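Notes to accompany the following structure.
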Amino acid sequence: MGIIELIQSNLLTPVVLFFILGIVAARIKSDLKIPEAISEFLPIYLLAAIGLHGGIEMRTTGFESMLIPMFVAIALSLIMTLNHYQILRKLGKFNIFDSYALASTYGAVGAVTFSVGLSFLKNQGVTSEGFLAAILAVLEPVSFVLAIFLTNMAVSKMVQKKKQTLQKYSKDDQNDPTAYAELEASIKQNRSFYHVLRESITGKAIVILLGSIMIGYAIGKEGFQPIKLVFEDLFAGAIVIFLIEMGIIAGKRLDDIRNVGPFLVGFSIIIPTINGVIGVAVSTFLGLSVGGSVMFGLLLASASFIAAPAVLRTAIPQAKPSLYITSALGITFPYNIIVMLPIMLTLSSYLHNL
Amino acid sequence: MKLYEIKLLTITCEVLAQRNIFDILDKHQVSGYTFYEVEGSGSKNLHGKGITDKNVKIEVLLSNDKLESIVEEIMRTMFSDFAIILYVGDAKVIRSEKFT
Amino acid sequence: MGIIELIQSNLLTPVVLFFILGIVAARIKSDLKIPEAISEFLPIYLLAAIGLHGGIEMRTTGFESMLIPMFVAIALSLIMTLNHYQILRKLGKFNIFDSYALASTYGAVGAVTFSVGLSFLKNQGVTSEGFLAAILAVLEPVSFVLAIFLTNMAVSKMVQKKKQTLQKYSKDDQNDPTAYAELEASIKQNRSFYHVLRESITGKAIVILLGSIMIGYAIGKEGFQPIKLVFEDLFAGAIVIFLIEMGIIAGKRLDDIRNVGPFLVGFSIIIPTINGVIGVAVSTFLGLSVGGSVMFGLLLASASFIAAPAVLRTAIPQAKPSLYITSALGITFPYNIIVMLPIMLTLSSYLHNL
Amino acid sequence: MKLYEIKLLTITCEVLAQRNIFDILDKHQVSGYTFYEVEGSGSKNLHGKGITDKNVKIEVLLSNDKLESIVEEIMRTMFSDFAIILYVGDAKVIRSEKFT
Amino acid sequence: MKLYEIKLLTITCEVLAQRNIFDILDKHQVSGYTFYEVEGSGSKNLHGKGITDKNVKIEVLLSNDKLESIVEEIMRTMFSDFAIILYVGDAKVIRSEKFT
Amino acid sequence: MGIIELIQSNLLTPVVLFFILGIVAARIKSDLKIPEAISEFLPIYLLAAIGLHGGIEMRTTGFESMLIPMFVAIALSLIMTLNHYQILRKLGKFNIFDSYALASTYGAVGAVTFSVGLSFLKNQGVTSEGFLAAILAVLEPVSFVLAIFLTNMAVSKMVQKKKQTLQKYSKDDQNDPTAYAELEASIKQNRSFYHVLRESITGKAIVILLGSIMIGYAIGKEGFQPIKLVFEDLFAGAIVIFLIEMGIIAGKRLDDIRNVGPFLVGFSIIIPTINGVIGVAVSTFLGLSVGGSVMFGLLLASASFIAAPAVLRTAIPQAKPSLYITSALGITFPYNIIVMLPIMLTLSSYLHNL
């Protein structure tokens, strides 16, 4: 199957179609919505299912085969985050805060995108390595932590400079509330670094994902049997329901795309493409399977739109959330699940057949 | 029945600002607060009941002296970064010692 | 099996028994309830399942076989709505507003009743045509639109008359607030017609139902496989859970039955019976299967009690909701699922064997 | 800290009346409002948290002059058709220009 | 537009005390009340939105004379046993006959 | 398998591991939680599933075999409640109210514990008698009713005494508000006895459980088929999800254990052990199966932590909920599902092989 046919056939899967239905519903201002309790529960369920599956697989394959891919993934994620920052700051002329926020949004990974990827592969009858769930878990905070650390450094420097200037030129300015506020902000910022680090690691996504990996590892295939129906067989249907809601949220964001500007629109499509292709190539080289390489590529191609707002809003409050939420959820997510998945599968198959 | 005068501070903000507000309240050692999720419309458009954007309303019964410094700190550190409104009302309570 | 035995055996199905359990729980003032998020989600789920199933079937059977039944259904629904109005207004002595509201409630269709019908047929091992889901979707707004249009016409005429009277007899009455209010109401009413039309069509029930039909049509039986567990196999259990809540709501309404008066109680039983029998007969004549004729009859027999309150409350605010909610949910719904379904199945089998 | 006087209008009504209220508020160009679902008991019996009958409470901070015309319009067009109560209270805000 | 003075009694308590409060309100024949679930922090720690511990907030518009006896009964019979706070505010309504 | 191995293997089941994950999440202050709507719905679902299963089984076995075990269970539950009271009051030096509240919490049964027990037995490939669900339903209110009755008696006596004292020594004291309040309290107390009795019996747990037993009895194995997927096959997965939330709640309670004191900690472990062992022995003697004896023992060993707070908080408001919630949920529940189940299964197997 060529890429075009694969994209077409992918378009006609329930996951993508219900996502589009959600978008349409939002556009025609329908009152369709998935109750909040359900849409808050579904990511927890999806991550538990992903984690259990990954843990069970890792029991068979062991840890060793995972180590190199994981370190490569972390390294790539960090490099890409820095690279995004340079592009956004230099070419896109975004301010420091927006640049770091966007850079880490795209350096981080999307758990929902990952779920859709698994369901896409299953539809195509392709399997992937279980340890990718563990990489997903580890990769989640990496990019945020880097971005927040660098933002803090930048702010500290700025404050330092201003403080010196203040001290040099005037003594009365000490009472200037803005100057005080700035100083306080820098302290707040530094405190919030550990704060954010702590919050990222104890965030529900990581806790349930890591926990489920360990549980999957502990119970193995046999212990999984009684709950397989809920945590494996229902997965495909559950993700369809979740994507209705994702579509509705994305649909509401579509208007905002006009405001993010053409540069960011281009960024939201080109960067995932490049990152995804690199991911597929590198992981093929590392010896991952056809499906594993697709998922590895997807980890790098995906942007975070559930964890990101929660973390960044408190960590880099100066950045505009409408920028990173809109581009990640409104552009990159649909692009990834509709276009990139087929591209990466074709590429991965091609590379594995060389 | 003797009733004591007290202030009721109400803060409505996007959920992402919630923890910062609690931190400020704790720092000023208010004796308690009540909060719940709400939806709203304001200058920053309609906030739905979605996962990433919803509002929370926080209510604090507190004495007049704490009020000023809390409002001042919220204004200074948060007004520019978050969608947030706040207002103050009068209330009467029985046990004034419970609300400090 | 005779009708009586069929009714008896239908009484002993989980769907009916859990509905009764809900009623009992409400009567003894138990605090049993299904959390709102679940009971808001279940209709969406049920409609998605119905739609997918219908769409997949239509892929096999094509559109042509659907056209005549659909137009006949629309025609019957309109005629019946007008007929209900005459009966309620002339015989029942209800005012214009209550008459139109009730007429359209019984002219419209009940998606929940439809779900129970499908589950009833499945229990009996009888299949039905997939395109009935499409008729369900189209029929939803038809009756409301008619009723609201006619109500508007009636109100306009009333206002016209009053205006003339006002102008004839007094000039000062122009300042009479009631007169003004009336005029404004007529304008509001006319605006709200398009408003209501728009809202009916973008209402969540129609959006999810039509959307799922199209998705089902697009993905076909094969694409449905991965989500079949959730959207087909869970259906029977999900409807049982939903009927607990329906029973609780109906149980709370039972006290109100006293207030709706004997005429409306009779209406709520006789009209569905007549409409249902006509539906079964006509659809048998049109060539539908045994099960298809039952479902066609059920479409006409059923009254709307989830969409109706939402639409009518804003469209005909002068009508008393306690009348149409109580009769549709408290009387007609139980009557349909307990008594009418067996009657119609017996009738349909009989007619098909002629 | 300078606080400005403002009115807080609170409307509690059945959910079916919600959109009409919003329409009236928008028509009078209030700068924002907050709302949330509530349960209640009143002359029209207990409103549960069911699908078809639940209450919603709407709160609007607004200036005195808008208040009167809004309340008047709600009274005139909605009191007869819907289960609805409303009351007005005093509040103080920092940025009075935000609430018009 | 003529507005009538009325009292707004607000009670925030753990959900297990809810029925007792309703009983007291009914006994004093208030014409209605509104309530909703809230979360809160107070002297008895953070009340989550769990199954066994959550808070409920009850609001009653009522006349001045009923207010006193209701507050007095709640104080006497419930303050020692339940986590509960209450406060009173002023409000204005259009139809004072609806709130007695 | 020895007890130790059985405990170890039980530790490695999803139910226990996800419970522990919930505890860990609460301890590290993660924001992981199951939305309230889901965690309110799950007990209803679990009880419906238990009830249906029990009812279906009872259809085969009949009522007679149930009668003796049920009366024995009621008798044991009453005796144990009185016994708990003596221990708590005499040895533990708790006041009357706390003693009665705790005594009945441990005399009552835990529906969640019962669910975990069923899933434990299923994992071990052991079956149990269906009528145990009926015993669960009947046993729920028994212990509360006794405790509340006895508390009322105790309060009445106290009030009586005080009244006499008041009358003897002073006439003006009649106006003493405290004295009046006390009298009123005694009346309130007596009213609340019927109140509580009523509330216990119409409580959602009993209504859904008894209702489902009857429905299961009415529909039988065959009528159950269409909903078996939801009400039987999903059971194991659903309980896992529920136990995450239970773990989170228990985890938050762990800090409070320090406050309940060493006596109550000991009580929370020793009493279930003794009660459970007695239950297994007695039921083995009564002729129940290996698995049935385990479940019978579990009924007696378990403490109530969902119904108890709701009932006792209004019935014995003078008692401290932190005592009975913390010990029942924070200590006894984990102990029962991790340690007691394996112990009782080993004991039951041993006794049945004598």
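The chains carry the letters A, B, C, D, E and F, assigned in the order they are written, with residues numbered from 1 in each.
Here, contacts are C-beta pairs under 8 Å (C-beta built on N, C-alpha and C of every residue); 3 or more make two chains touch, one makes a residue touch a chain.
Since this is a predicted model, take the numbers as computed values, not measurements.
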**Report entry** Contact-graph separation of chain B and chain D, given in steps at minimum
**Finding:** 1
Query raised in the report: Chains in contact with chain B and with chain C: which ones?
Result: A, D
Query raised in the report: Any idea if chain B and chain E meet via the same residues, over half in common, or different ones?
Result: different
Query - From chain E, the most remote chain by mean C-alpha position - result: A
Report summary line: For the pair chain D and chain F, the C-alpha centroid-to-centroid distance in angstrom is 45
Requested in this report: State, to the nearest whole Å, the distance from the C-alpha centre of chain A to the C-alpha centre of chain B.
Outcome: 32
Query - Residues of chain B engaged with two or more neighbouring chains - result: 36, 89-90
Query - chain C, residues touching no fewer than two other chains - result: 35-38, 40, 234
Report summary line: So the touching chain pairs work out to A-B, A-C, A-F, B-D, B-E, C-D, C-F, D-E, E-F
Query raised in the report: So in the complex, which bits of chain D are touching chain E?
Result: 10, 12, 36-43, 55, 57, 68, 71-72, 75, 85-90
**Report entry** Touching residues (chain side chain D, partner chain C) in the complex
**Finding:** 16-17, 19-20, 48-54, 76-77, 81-82
Query raised in the report: Mind pulling up the chain F residues that touch chain A in the complex?
Result: 12-14, 17-18, 21, 24-25, 28-38, 119, 122-123, 233-234, 236-238, 240-241
Query raised in the report: Tell me, which parts of chain D touch chain B in their complex?
Result: 1, 3, 6, 8, 22, 31-36, 61, 89-94, 98-99
**Report entry** Footprint of chain B on chain A - complex, ascending
**Finding:** 36, 39-40, 177, 181, 184-185, 188, 249, 252, 305-306, 309-310, 313-314, 317-318, 321, 325
